Every structure is written in C-alpha cells, then in structure tokens.
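Here the chain labels run A, B, C and D in written order, and each chain numbers its own residues starting at 1.
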Amino acid sequence: MSVTLEVIRKMQVIRLGLIGSGFMGRTHALAAHSVGLVFPSTAKLECELLADCDSQAAAENAGLLGFRRSTGDWRELVTDPQVDVVDICTPNHLHYPMAKAALENGKHVFCEKPLALLPEESRELAALAAARDCVTMVGFNYVKNPVITLAADLIERGEIGQLRHVRGTHVEDYLADPLREGGWRTQQSLAGLGALGDLCHVLSLTQRLVGEPGAVCADFQTVIPERPDGPVENEDQVHALLRFDCGAIGTIECSRIAWGRKNGLTLEISGSEGTLYFDQERQNELWLYRADGDERQGFRRILLGPDQPDYAAFCPAPGHGLGFNDLKVIEMRDLVAAIVLETPAWPDFAAAARIDAVTAAMAESYHRSGWVNVNRAATEDSEAQ
Amino acid sequence: MSVTLEVIRKMQVIRLGLIGSGFMGRTHALAAHSVGLVFPSTAKLECELLADCDSQAAAENAGLLGFRRSTGDWRELVTDPQVDVVDICTPNHLHYPMAKAALENGKHVFCEKPLALLPEESRELAALAAARDCVTMVGFNYVKNPVITLAADLIERGEIGQLRHVRGTHVEDYLADPLREGGWRTQQSLAGLGALGDLCHVLSLTQRLVGEPGAVCADFQTVIPERPDGPVENEDQVHALLRFDCGAIGTIECSRIAWGRKNGLTLEISGSEGTLYFDQERQNELWLYRADGDERQGFRRILLGPDQPDYAAFCPAPGHGLGFNDLKVIEMRDLVAAIVLETPAWPDFAAAARIDAVTAAMAESYHRSGWVNVNRAATEDSEAQ
Amino acid sequence: MSVTLEVIRKMQVIRLGLIGSGFMGRTHALAAHSVGLVFPSTAKLECELLADCDSQAAAENAGLLGFRRSTGDWRELVTDPQVDVVDICTPNHLHYPMAKAALENGKHVFCEKPLALLPEESRELAALAAARDCVTMVGFNYVKNPVITLAADLIERGEIGQLRHVRGTHVEDYLADPLREGGWRTQQSLAGLGALGDLCHVLSLTQRLVGEPGAVCADFQTVIPERPDGPVENEDQVHALLRFDCGAIGTIECSRIAWGRKNGLTLEISGSEGTLYFDQERQNELWLYRADGDERQGFRRILLGPDQPDYAAFCPAPGHGLGFNDLKVIEMRDLVAAIVLETPAWPDFAAAARIDAVTAAMAESYHRSGWVNVNRAATEDSEAQ
Amino acid sequence: MSVTLEVIRKMQVIRLGLIGSGFMGRTHALAAHSVGLVFPSTAKLECELLADCDSQAAAENAGLLGFRRSTGDWRELVTDPQVDVVDICTPNHLHYPMAKAALENGKHVFCEKPLALLPEESRELAALAAARDCVTMVGFNYVKNPVITLAADLIERGEIGQLRHVRGTHVEDYLADPLREGGWRTQQSLAGLGALGDLCHVLSLTQRLVGEPGAVCADFQTVIPERPDGPVENEDQVHALLRFDCGAIGTIECSRIAWGRKNGLTLEISGSEGTLYFDQERQNELWLYRADGDERQGFRRILLGPDQPDYAAFCPAPGHGLGFNDLKVIEMRDLVAAIVLETPAWPDFAAAARIDAVTAAMAESYHRSGWVNVNRAATEDSEAQ
C-alpha cells in the first residue's frame, strides 16, 4: 500500500480546493504546502481555492494559508473547473453532501473521517466514486504512521504468525469533565455517533493490520447525560467484542471520558509466533515480541528510523521522531500519488464505508443487546466495480 | 480489609495441615515459616502435618518443608485433631472434595483458586463454611499486593471519583506454543475452565476494587485444538463485556496463548476524577492520574513504600520491592489474623463463589451467544448467615 | 525567552538566503515554508536565494525547495542585497568563514551548530555580531522543544526548588560500527571535536535550564582509532564532571558509539523540591517529581499539550505529538520574531560561544588531566555591549 | 560465581550467630530461615545465637526471630563454640572490630557493607581472613539479583562485545529533606563516607560486570550542611569519572538527596556489540540491545524467568517477580554453599576491600582535585595467598 515516489514520472499539476479552515483545514493546508518538499516528485500540488463559511473569512484565511483564491460558498468550489481535488475539513454532518456534490462534478475527494453519519450514505458515496472513477481518500491519518506500515510489513512477512487476538483502544479525556460543553460532538444530528464516531481510528488500524470483522457485540454508555449546552445524545464510551474474518478475535474500546489518556490509540496483536504492541502517545515506537525460545527474549522497543522510507523522507537519522502533522503529509503524499498514478488511494471511500458498517453494527448490537453480523455486501460490491 | 496486627493479642498456636507439596505447596510452606518473622504477633503458626500422594514422598517433603509429621492420605489430615487449618494446594479437581471434608470436620480452610470446578460446588462450600463457622480463604494472592490495597484506599477516598470504566487483563503465554503439553490444565474434568479458570485473578481484583458485575457477555476460543498429549477441552482465550452493579462498565480478557506476556495481570480503572493503572509485571508500581486541571498533570508512577503497612513489614525503605512469594506471606497473615480474631478472612469461600458465578455466567454467555445475568443469589445468602 | 507572536505587528517581508541543501538545508527550507502557516503573523519569510556547491545543483535544488533564485557561489549570497538573513547549513568547518562574511555584510545570520571549530572564532563572531547589531541564532533545535520551555518555566517558578544535581547525556550509535566510514566527522580539520562537537546539544539544554558551568573535568576516548576511510582524529566518547555557577554539580556524557541509543539526549535535574527528567527519544514527555510529602507521590509523565503555546500552534489537542521537524519551525519562528522585533534571538552567537568555551575547556581538561576553569570572559563582554 | 546446589553433598549443620536485630538483622534472620526451603540441600543452616545491645532485647528478639539462644554481649557470640558463622548487622563503625574478633576466633564471617570505615581496615580484615582460611562475605545484596547474574552471563558470552562505556548510579532521596535528621549516617566517626559509603552498591555491580577501575576522578558535595540533629560531616552527593582496567571508561553517581529516586541503582553498559541496561527499581527486568543490523532492532525488555536458576528456585513461572528480601536468600545460599564446599564466597572481604579502595581513591581525588590511581596492591596480595 505504500507508494514509492520514484515511479511518479508524469509532470503534473494538481490543484487543491479546501473546504473549511479550522484546525483540521489548517493542518491540511500545511501538509499541502510541505508534501512537495518532503516527498519531491514531478507532480506539484497547488493550493488553488479555499471555501469558508463566509467570503470575508475565506479571503482572510486564504491569505494566511497560502491559497490563490477564496469563496464563501462551498458549492462554487466543488464545481470550479480549476479544482482537481476537493478536500473536506468541515463538521461531520457536512461530509456527505459535500463529498456527494464533489463526486457528481467528477472531482477527486479527500474527506476527513467519518465519511458520513449513516452507513448507507457511506455506501452510496463509495458506489458513486467507483462509478465516476474518482480517487477518494478518508483522513484516517494514524494509519499512515510509518510504525503502522512497519507493523503491517512484519505481519505480512509472518513475523508474528497467524493472528489470534487483538486488543484495540482509542481513549481520550476531552469530554471527561462534565462541565465541558459538548458542542456539535454530542448532538446526534451533527455528529452521528459519539466516542465511537470520533475515535474510530482504531478500526482503521485493525482494518489495515487484521482485516474485517464479521460479527460484533458492543455495549454503549452515555455517562454524562447533560452538559452545560444541553443533553448529550450519543455515547461517551463504547466497547465491543469482535470476530475477525481471519479467525482472530478481539476487543475494541473507545472513550472520550477516560481521564489521563490524551491520544490513547493503542493496539496489541498476538499471533502464533509473537506479539506487536503500539501506542500512538509514543508514536515513534513499535514493540515486538518474537517467540524464538531464547532466554534473552523480551518485548523489544523498535524506534522508528530511516529503514522506513516514509520516515526517511523527513529525517535521515533514527530516533528523531515524527509528529502528528507529519502523518498528514504522508497522507497527502498518498493522495497525490494515487491521482498521478491513477490507482486507488487507501483508505478510500469503500474502505471507510466498511468501517462505517462496523460502527453501525456495533450500535445495532447495543440496541439489540446481542451479537450482530456486519453488513458489508454493498461496500464489497463497490470495490469490485 | 487490611488487618492491623497490633490488635492480635491472644496467645495462640495455630497448626497448619498442608495438602500437596508441588510448587504452590512449597510456596505456602515458605509463607507459613516466614509469616511470624515478617508480621510478629503472639499467634504462632506451626507447620504440623503434610499430606502428599504417598507416604514416602510425604515424609521426604515434610523434612524439606519443615513439617512435624506427614501422611500419604489426605483424609487422615482433614480429620487430624492436631490440625487447626487445612491448606489445599492440589490440582483443581481435588479442591472441592478436600475442602468439603475439611469443613465437615470443623477445620478452617485455605484453598487455592479456583475453589471448585462447578459454581454450585463453590456455593455449597460457602454455605457449609458459614454453617460450621469456619474461617475460609481462597488463594487470590495478587489481590494481597499492597499496591492493590493502596488502589482500594484511593478509590474509597474518592481520589478517582465515581467509577466509569474498567479494563482488565490476565494474559500469559504458557500455552502459546502448540507443541507444549496441556497436562491437566487442558482437560475439562480436571481443570474445569481453561484460561479463564486459571487466570480469574483479574476478577478478584475487580471484585476488590470495582464490586460485582450483574451481567456479562463473553466470547471463548480454543485456538489450539490438539496438543501432543491429546485434545484441548477448554478455552485458550476469552474476553467479555461486563456491567458492574456500581454503574461502571468494563472488559475482561484472559489468555494463556498471548506471546510475550508473562504475568500480564493489568487493570485500568477510570472514574469521574481520575484513573488508576496497574500491571502485575511491575508489581511495585501504581499509576495514578488525578484530574485537577493543572498543566503539570500526568500519570504519576507511585512506587510502593513504607506508607503501605504491608510493605513496611518487609522493608522500611521505599522502592526496594516485593516479590511474588511476599504476597503469599501477606495472604497467610490475613488468614492467621482472621482465625485469631474470629472474623471472616477475605476473599473467603463466599467471595470466591461469587467469582465462580461470574466465570460460569461467562461460559453460559458464550454458549448462548448473548448477555447473561450473573446468578449470585445463593452466595449472597450464605454471607447473610 | 518564548515570544508571543501577537506582539509582532509590523508588516514586514524577510528574505532568506540558504547555503547548503543537504538534509539540514532541506529541513530549514521546510521550516521556512511552514513557519507562516503554523505561526501566522504579518511578517512574511520568503525563500529568496539558495547557494549550493555548483550552479547546476543550486538551480535544481532551488526548484525542489521552493527558492526564487540560486547561485553556485556562497559569496554571492552573503553580499546579495535581496537577502536579509543568511542561513548556514554546510559542514562544520565552513560555518566560521561564512558567518563572518555574512556579518561583515550586515546580514542577520542563522547558523547550524557548532558555530566554529575554535572557541576564539566563536568569540570573534559573537563580538562581530554585537558590533554590527545583527540578529544571530545557532541551531540548537532541541532547546526549542516546548517540553524544554515547560521545564524552564517550572524551574523558574521554583517547582523543583534550588538546583542541586544535573545528569545529562547525548548518546547515539551512528558510529558504533567500526566498519562505518567516519567521513568529515572524524577529521579534526573539518569537524573539530568529535562526539562532543556533534552532540553538544546537551550543553544547550543545561545552558537554558541550569546556567553556565564555571569548571569542568573531562575524559575523552577514541575507541575506534581506524575506520575504512582513514584514521579517526577526534573522540568517540567523552564524559565530564561540571560545577555550575548556580551551585549545582553535574555530569555530562556524549557518545557516538553507544549501541541502541538513537537520540539519547536525556537530562535529569534534581533540586531542593523535586526532580525533572527528559528524554528526547520520547520528546513529548516531561517527567516531574514534586516533594510534597504525600503517599501518592511519584514521577508524573506530563504529555505535551496546548497549555504550551508552541505546541498549541501545531495542534489544539494534547498528546498528539510534535516531531523533529516541528522544532525547526519553532526555531525559525524565534529567528523571524527577533528580526521583526529587533530583539536578540536565543541562543545567539554569544550563547553559542559560551557553549564552545565549555567544550574547549573539556578538551583542555582531558589534555591536562584535571579540572579546568571555563574561559567565558570574552563572550560575556560581547553580551554586555 | 553462581553455585549449583546439586554439588553440595556433605551432610552438614551450620550454626549462625547474628549480631544486631534491627531491620537488616531481621532480614538476615528471615533469609536464614528460608534458605533451606528455597534452595534445598543437605546442609542445614540453624539460627543458634542472637546478640543485641542488652540481654533483655536480645532474649526478646531471639524469640521473635527464631534463635535458640541470646546474649547481650557480642564478644560472647564471636567466641561461642556453637557458632560457625558470625553475621554482622550492626551500624557501620562496629563492622571492623566485630569482624576482626570473629576472624581471630576462626569464625566464618558475613558482614553487611561497608566492611570498614577505613580502607586499611578492610585490607587488614581481608588479610586476616586469608590467613585464617575463613569464608567471608559482604552484603552487597543487589549483586545477587539473578538479573545481574544474567547480565554477567551475557557479557561473558560476548553478547555485547568488548566493553566501552559504563554509566552507573545509585541515587535515593532519603535525606533530600533538610528537616530530616541524619542520625549516625551523617557523622563521619560512625558512618565514614556519606552517600558514597551508603550507596556503594553500584561499585559492586561494576566490579561484577566490568572489573576494577585503575583511576578515578571525583567530586563530592555536602548540599545540606546542617540538619536538626547537628552538622553533616560527609557528602550528600558524589560523582566520578572512572577508567577501568578492561579499557572501558565510565561515570558513577551516588546521592542521598535525589528527590523521587527511591532505589535508583541503575547501570548502562555499552560494548562493541550491544548495550545492557538495568534499574533496580524494576529489579526483574534487564534491557538488552544487540547490534545485529536488523530493522526490527531495539532494546528488549527481558523479564526474569526460570531460565535463571536463582529465579527458578523461588518460582517456576516467568514474570512473577522477586523482591528485595529474596536477594538476601540468594546471598545466604552462596554463603552456605561456600562454607560447605570450602570455596571462597563472593564478594568476600578481599573484593569488598577493593571496593573500599575505590571509594577511598574517590575521596582522595576530591581532596586533591584531580585524578587518583586506586591503591589495590594489598588487597590483591591477600587474594593470592
């Protein structure tokens, strides 16, 4: 899935249209400006057009973020002939209409997660992208961490053997304080799911490393029902049992009220030959245990180094460390490469729709109080097209 | 639950009858000899009688382990008038008949975990102990770790507020290698449950710190169906969702095939004011996060020190560390104190029966593929007597 | 020392002239392009001119790195009227002549460390900068880590009291393998000092957090005297005892042959009220122990978050992590701010000259086999101007 | 240096005479009672006679600690014909006269560290022991940690190659609070050296793993000159540069005022093929880095397990952990084995005298403000006899 840039040979300019200039929009803009320096290639990503809620804010932010033009109406952006790829960094409930409009106009689309509020919307978008032959990508940035790429390589090479068990968490404490306002995040119509929707990154990691789950059994809980700005309409914490197609079983936990955990995206995967462990709070480390029967055996802390090409692009010396924003640069590189090479990007809308199918199955499991099979039929069709 | 020995004033000799002299029997013998030195009191624990599978082994081991007398027949031990407390360190399937016989003879009983193979047997033993007014204790030694006592104190004092979530594991790799023989552990008639039965320590920690779960939903898996010594009849790995009476929810995982984890008994408990984390592989450390809104906030690593009386008894300086065998000494101290003070020990047979009710509910949940309420009625009755 | 950008008000364009486009040059270019996005202000840093060893390489790299113009002769760059600040990213032995020429042409100068090969050269440059009223900065990027800023704040506020002891290391393994070529790094005429010159970052941290040492006693060792590309002319490992002006004592260790350590820049500072610990391999964490007499006391792991403004500029959520390249952006921000505000940057040439005085004293200490006072007279004069 | 008990064949009773029943005396008594259970052999260690400051205390403590007889006069103990080995657990300044008297009476001697207040006294005792053919041992218990034995094995097998650098610390905070009384520890006539004398364990580890240093250069500091109970007469913190005979160089640091460090006995040893790291606060772990050129390389955390015989004696399962008191049992086992096998124990008085020669050289180095050669001549003679 990693793309060697050496193969990118066609001279090409790709013009980016960005919707939204909040924190995430700014991060995308930064990545768009850096990607060519970090991953030099003959393709050139240009910051063409910025859309924001009104014309004035858009103009001002276009100046700050280095965009050529601006607009106060995102509908202008998705139809602009000078825009090749639409990048959606708006609140969750706007992802679906914007992505749909962009695809209908034949644009490539880069959309922040979650792709949509409803699984059928995600499936629809995936199908539309397939029909229009557009490159799509959803912003599961942590899956771009070279540590995850290394983990995937190790698993593929059989270093930990056949997978047996997975324990994944994405736990944070940003709403642990009951006096903190929930904003759009706690309203179902704007956010959809709560902790699970926001922190479903852990499912993109399992998708990459373990594959798809066929059945899930979940429990949801809204611990703080009322916040200063109104009632909380979605879950504060969720955990689930999963049965993966590959035969492994596992647990997943998401929480936005887990005091002390700031970016507790962790994964422990055990196999027949060893175990891998990862914690995004120490994002440059992978822990590996290999069962080779030696008294000197133990979990080894592998520190990211230039053996990993996506690390080497940032720094030729080991142990110097990547940060959160660097992962966005790698993500942007993958998007550009896919457009240039006319190959699918990853995770594309179909992959995201499969993640949304899992979260939907978890929600259903909670409401039905039992095991639920994941409904992937439609998304798998879309891939086959 | 911790007992100050200063209150033990009655001059008293307690005579121990030990059944079994394998590893666990030897550990108990060591603890029996050490307890008076580490926790000086006027009660004196004497190693009176050792029972083993045959007379010769018993005699030989009695010499090695410092017992006055020996016997090749455990039935002689449970009726011996010179024995005050029967200590059962035999394979799992013998716990029930031995404990029952000991109680019927009016003996106090210290039994290794699990108390019995079937939950109804555990309930029967708990009821019998209550009826005969015998002191009982089950060997959940990790719950005696002063770090757990400190955690319980912190929770009781509200340091982490109202409990919200629990993540517990007890994962090891002693049967991760498919070429390793399972022995009695993989035979249902001798061991009962597999990984869950063996590693239910994690449930004794949640019992101590979080309370009882009312409902569970579990998944079991036998990953290695066949070993060199025959088919495997119980589970290699199990995980479950739990709903605790106190309102917290949580997950529990047990595995005997988790490569690299040697004593992976871990617990993370989040509450409305903070979080606690514990890992038995670093048994002298407790991690505490307190939500007090300061920029200097973080998980702090509390290293066991003489602030904890049960640590101070071993060493007056902090950070010098207790080991596995020391926990058995604390356990033995609690048993002796309960007998002398004529109070219940903890965890007694009733507490163990409640743990067995949870594991039984988990097994039933797996077979019924859904949520199951824990049946505690009988055990709660027995306590009330 | 941290600069709030809110005070930067004057509309201003600053034009950068970069010499060298190896790894470090590329990192500087990336930072130059990002600084305005991460730290928006009315000052604008423009990539004006790139100098490289020959015209063709310069032209090609100017394209890749986003510079307007290029030259094959650095002397053209330092005299170019369109260049406001000269940024020197060349091998060590060229720092001195280039910085001197730039200052003589009235340019502001940003120079990678070490400032010069000889302490008298560093002193000369510091004096020259003071005389010409140029803003200067030396690239001790780790000192820009917001974790270090937090540590400095904590020390200033007395959180760990009066400083008593310091243990600093910068140990790596890039030349641990005797079959690896030393290149310019092992030749005295090109690199000056060996491990100490390369890894003197640790001294910039102590300078920031502890102050200046008055006396040192050091031991040097060249462990691998011969490499495939010739004899090794400088030290592989060095360690020293230090006596700081503030009364604290400490040890410093630098090594380029410490297997397994990739960026082992660590610092432990003990004071009368607590202790701080830092490890650049986990660059987003600061460990703090406060002696407040509570049984719950322990080292707490503070994870960098938006409480620190220099972190918040990159990410509004805690625990998401900065990387190596982000530190260069902060450094570039400080340089720009100093030029705009017409204040000294830090660490400027005078500060770097004091570090070079310490390393020179260490080398002398080794040769004289005893304690040596650090000769700071000249550099302190230059500050006073 | 490790002794397999299988070779102990002679039926033998060894009678212990213990002087002192404070914390350390109690720890020794506990070890004496446990050693036969943990390490079964045909030799039997019997607790024969306890000496304490007065007859009444001695009698009372003899009861508590399981000794047959008691005396209020240690001179009676060292001449008692029923005592085979004299075990000295008294304050530092009494070690020399007691050990001398015991040797003069032909007793084997187990003495807590430091062996004496003056290096010439240590040398005298070593010579006396050699002349009388007595088994001697000094209580450097941490060197008995099976993790250190594993480290020694790894070094001996060349796993980390030729040793290049050592960084050792033993830092604690027991006198970090200036309001805490120093007691005998801060009085030169009773304690001799301060932090260095108390925490010279780190030198026993380097002695075991790296060998002897030939030259040292040290700095001493008394940070808190006055305590509630009077002036402080010895150092609070000390650090030193060392040159070992094997060619490695290193630093050593001892402190009793390092807030937050409770038992900070750490050691990092780098060699031509790898690095070892150890921290007594996590006493069951050894970290090993092997330079074998693989991208999966990293420090591995080896958790003590039954591969190490001295661990297996306590517990057959890995990761269950030894504690401080267990190390004393191993130490006692080595003493018993040496007496039975008529071989030297380790570290004997000659080894301790060499450590005392190093600490004396450090003190001299501080007073002379420069490098000092370690005077080992006499102690090496004593070994040769």
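Rule of thumb we're sticking to: contacts are C-beta pairs under 8 Å (C-beta built on N, C-alpha and C of every residue); 3 or more make two chains touch, one makes a residue touch a chain.
Just so it is clear, the structure is predicted and the values come from calculations on it, not from any experiment.
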(request) Using residue numbers, check each pair in B-D, A-B or A-D against B-C and return the one sharing over half of the contact pairs. (result) A-D
(message) Suppose chain centres are the mean of their C-alpha atoms. Which chain sits farthest from chain C?
(response) B
(message) Please tell me the distance, in whole Å, between the geometric centres of chain C and chain D computed from their C-alpha atoms.
(response) 43
(message) So the centre of each chain is just the mean of its C-alpha atoms; given that, what is the distance between chain A and chain C in Å?
(response) 35
(message) Among all residues of chain A, which ones touch two or more of the remaining chains?
(response) 261, 297-299, 303, 305
(request) In the complex, go through chain D and note every residue touching chain A. (result) 150, 154, 159, 288, 295-303, 305, 307-308
(message) Considering only the defined contacts, which chain D positions touch chain B in the complex?
(response) 23, 26-27, 29-30, 33-34, 36-38, 40, 64-66, 172, 174, 261-264, 280-284, 303, 305, 314-326
(request) Spell out the residues on chain A that touch chain B in their complex, using ranges where they run on. (result) 160, 164-165, 167, 169, 173, 176-178, 217-219, 221, 223, 237, 239-241, 243, 249-251, 253, 255, 257-261, 270-275, 289, 291, 297-299, 369-371
